[in-house]
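Look at the two complexes coming up: chain A is in both, with chain B in one and chain C in the other.
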Partner chain A sequence: MNAPAYNFAYLDEQTKRMIRRAILKAIAIPGYQVPFASREMPMPYGWGTGGVQVTAAILGPQDVLKVIDQGSDDTTNAISIRKFFAKTAGVATTTSTEEASVIQTRHRIPEAALHANQVLVYQVPIPEPLRFLEPRETETRRMHALAEYGLMHVKLYEDIARFGHIATAYAYPVKVNARYVMDPSPTPKFDNPKMDNCPALQLFGAGREKRIYAIPPYTQVVSLDFEDHPFEPYRFNAPCALCGAENSYLDEIVTDDKGSRMFVCSDSDFCEGRQAEGHHGALSAAPYKDKAQGEAQGKDNG
Partner chain B sequence: MTTIAELPPGFADKVLSAQSTFRSVMSAMARPGSVQRIVPMAGAPGMMMRGTAAIALTLFDHDTPLWLDARMTESSDMVKWLKFHTGAPVIQDSTIASFALVSDGALLPPLERFALGTSEYPDRSTTVIIQVESLDAGPSYELRGPGIDGVATLQASIKPSELFERLRFNETLFPRGVDVVLVAGDAVVAISRTTRVVNKGS
Partner chain C sequence: MADQDLRDTDRPLLVAKSLSKSYGRIAACRDVSFSLYPGEVLAIVGESGSGKSTLLQLLSGQLAASGGHVSYRMRDGVTRDLATLGEAERRFLFRTDWGFVHQDPAQGLRMAVSAGANVGERLMAVGWNHYGRIRDTASDWLGRVEIDIARIDDAPRTYSGGMRQRLQIARNLVTEPRLVFMDEPTGGLDVSVQARLLDLLRGLVAELHLAVIIVTHDLVVARLLSHRVMVMKDGRVIETGLTDQVLDDPREPYTQLLVSSILPP
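Moving on, here comes the complex of A and B:
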């Protein structure tokens, strides 16, 4: 008889209990970073070891898992994590935001609105928003205890003094439930408003830094700003070159060495969904596909 | 003499039952006031409810000092069952407990006697699990706070009846405080330290 090589969802039960207890505390204290005994995972730090441990602790056989990396379902990191759980937990996987019950993400929040039966699991590299301002853990912990966040405002003010606007474009600090300042992980600040009053539960896992934190559903999440310099989400001023969307977050793709570039949705599921509905952008691949369907004349670039 | 063989069983399928129970408890904690059901079956000794037993099997282990109310401490079957299935050390000092099991709300000690965490580590607090009569009938409570879209209404008959008044100390203590899990049979409701009662009907 072949004994299964791994426990369900890879982690042993003792580890899952420890992570589950940390998750419950994290939910009870929104935005507070709960220390946990992060395990070594069969992937390097920086590849989502924190997110993977959180996902492994919550995942069940009835779940449908989606994994995105910078919004995309088809990059190396997303594919390997999806395969990892398909193999160790036998769960169904999907690329559809709508159908997924657990979405693990690196650095993006899907464009489609999340619903109440979903859990969004973030991979977090540096969970401490104050770390680059104060390297000592004892001090940052004290600052959180006293809700002493003046330093963060000074940092944002220095942005304004130097650049004329708040130049922080990603990992933009937020205040959760009017208490803890939290790092939303390196998501573009475009995504910050989606965290506020979100119907889905949001869990954050940092493997190397050994922290888990959470935002419960329907919780106030405010991006830090000033009265005269209010928070503004940033987006390239262009429609998506493939689906024409004017409201999605865009990736800039350099297409040659002469300065040409195209802007496409970073959320691959959103973009493909729109293209399937018949939306086209300026550089849509449709003409090429039409040609391929017609005659066999291959378009030779060489 | 009670032998191990006479103890009620734990989960039939440890892994998936614990996962399913955890998801119910996680949903309960994420949406305070909402009633979640615990599906997996486990044997429950004496006065322990099905839901309480499942939560114990899911969350307790040698890392979680456990405080029991007087009635539970007296029941050697219960203590044996907990020790055998979870390995959690049963302690007298409630101020260092990770979890507290309260079989009867009348025996709930002042909440200040539990671990409240520190300002630096508010997570080092006791999660108090209280068995109550009903979580679908009785006086109604209106709850607000993170996890609740506007107002959640909980109908429950809870002992002690002034539980929510006593939990108001969470308001001034935050981020320190205790989180409460109410169990009635297979129904679970969580009242996290951020949850506030805005209106108590009758």
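Moving on, here comes the complex of A and C:
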């Protein structure tokens, strides 16, 4: 391994200090986007350069790292980032939400309840919730400064006018600590309620846009809505095909070109944990595995 | 105090005192003073480059004056110098008690969001949080500016020029402002559309008892809408008075030139 060629966790110490200062400021002002001198990372923008820098800055040798991409531990992005830190920091890695102390995530919050002493690091593509409504950065900053958030409701109004309900399904705007409106990164709105009063620290890193923001533990996070169109989390109306869970966020997987599909937990750790506990969904392979194992044992005995 | 004995309409809404603005050696606006009363329509006329638009920006607090000041009587009855307002207060004033109608509707509207949201934005900005009520108010206002309610969910970029301008007016009036600034509101519209827009404006101004400061180079607009006229040239007000008086019997040579340059009907 060529680990010694790098500083611990890839970034040099001065860079990490700079990022930590930004993180501290972000924690002090919940929901406020703190500019930072984002570095080039050995991966393309859009693959989590912001999240990786935040993780690198907060990682210690004792930490246990979990990385998920759309809830899953075994997708390319998750595996490469996990390997990256295993290589450059030599930290222990895990797929278990329970055991991890730092969880870097792209677009999901794990199903298992987070606890204090855990840090959730989000990869953020576009940190500015007002971006597509107001193109001028100078103007959006002023709007944040003066807490002028009428425009955010314009977006929700448009949704209702067009679709009859608030059709924003991800990156659903929230108000943090009754002050700043924040983009929760493209997590499904199903996850929004988990951000509220969460015991874990939540950090958001946007590498290309050079912004860091944060939700400190136990902070109020409210999803914006109208009185007559209240916020509602969305979930496909089906149990998980593998573990039978009724309350987890589901991915829709198209299984052939004739319209068949299956719904599976997007959180792979959660789904596998439930299957290990003996929960089975309609398309679970467990009965066949048991049968195959039984036959094999029968042969041995005979 | 004698001041309190006066009726509300007898006290000026906006007072400008020796306003001036210079860009380096160029004086865009020199020593302009006037008072505007509630419900009064004041037209500022003059040729391009005479300082009309600069004056409008000074009056609406968008530009800092080089000299002089503007004071405005707020809704609570207290008259305050605009320069002493904080940015948050000024912006709040701008989206509640004031309106600003731009010559180019694209500047005053959000072209990509629906007409209903354009009208509703100011309401949402002051904390309205009930979709049904916002939409009802927006439809009501679209009706008042003669836009077909069926087009409430269309974006203004699908609207014609005249409709855009009417939508911009609805968007500004929805919070029932007391003072509206207009910068060439009929510029770029054809004559029949202009006439309809002016007719509409005249009706709304009278109905809502609006005070209006309207900048225009078109004396017909001034004639139709305004009670008083200020004629500007080279950044100075050279003549001011009742509209009919100034336009029928101009005193200054420049005003005479302006008036005589209109083709006789």
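Just so we're on the same page, the second predicted complex is superposed on the first by the 287 of 302 C-alpha atoms of A that agree within 3 Å, B and C clash if a C-alpha of one lies under 4 Å from a C-alpha of the other, contacts with A are read in each partner's own complex, and residues count from 1 in each chain.
Keep this in mind: a contact is a pair of C-beta atoms (placed from the backbone, for glycine too) under 8 Å apart; a residue touches a chain by one contact, two chains touch by 3 or more.
Predicted model, so just to flag it, every value in this text is computed and none were measured.
Asks: Applying the touch criterion given at the start, work out whether A:Leu146 contacts chain B, chain C, both or neither, answering first, second, both or neither.
Replies: both
Asks: Could you say whether A:Ile29 touches chain B, chain C, both of them, or neither, answering first, second, both or neither?
Replies: first
Asks: Which partner does A:Val154 reach: the first (chain B), the second (chain C), both, or neither?
Replies: After superposing on A, A:Val154 lies in contact with chain C but is clear of chain B.
Asks: Determine, under the contact definition given at the top, whether A:Asp257 touches first (chain B), second (chain C), both, or neither.
Replies: neither
Asks: Is chain A touched at more residues by chain B or by chain C?
Replies: B
Asks: Looking at the overlay, what does A:Glu277 touch: chain B (first), chain C (second), both, or neither?
Replies: neither
Asks: Going by the contact rule set out at the top, does A:Arg162 touch chain B (first), chain C (second), both, or neither?
Replies: After superposing on A, A:Arg162 lies in contact with chain C but is clear of chain B.
Asks: Considering only touches as defined above, state whether A:Asp228 meets chain B (first), chain C (second), both or neither.
Replies: Only chain C is touched by A:Asp228; chain B is not.
Asks: So, does A:Pro216 touch the first partner chain B, the second partner chain C, both, or neither?
Replies: It touches chain B, and chain C stays clear.
Asks: Across the two complexes, find the residues of chain A that touch chain B and also touch chain C.
Replies: On chain A, the overlap between the chain B and chain C contacts is residues 142, 146.
Asks: Going by the contact rule set out above, which residues of chain A touch chain B in the complex?
Replies: Touching chain B: residues 7-9, 13-14, 16-18, 20-30, 32, 34-35, 57-61, 141-142, 144-146, 177, 179-180, 199, 201, 215-220 of chain A.
Asks: Given the complex with chain A, which residues does chain C contribute to the contact?
Replies: 87-88, 91, 95, 110, 113-114, 116-117, 120-126, 129-132, 134-135, 152-153
Asks: Quick check: in the complex, which residue numbers of chain A touch chain C?
Replies: Those residues of chain A that touch chain C are 133, 142, 146, 148, 150-151, 153-154, 157-158, 160-162, 226-229.
Asks: Which bits of chain B are touching chain A when the two form their complex?
Replies: Spelled out, the residues of chain B in touch with chain A are 14-16, 18-20, 22-23, 25-26, 29-31, 58-61, 63-64, 98, 118-123, 125, 127, 146-150, 174-175, 179, 192-194.
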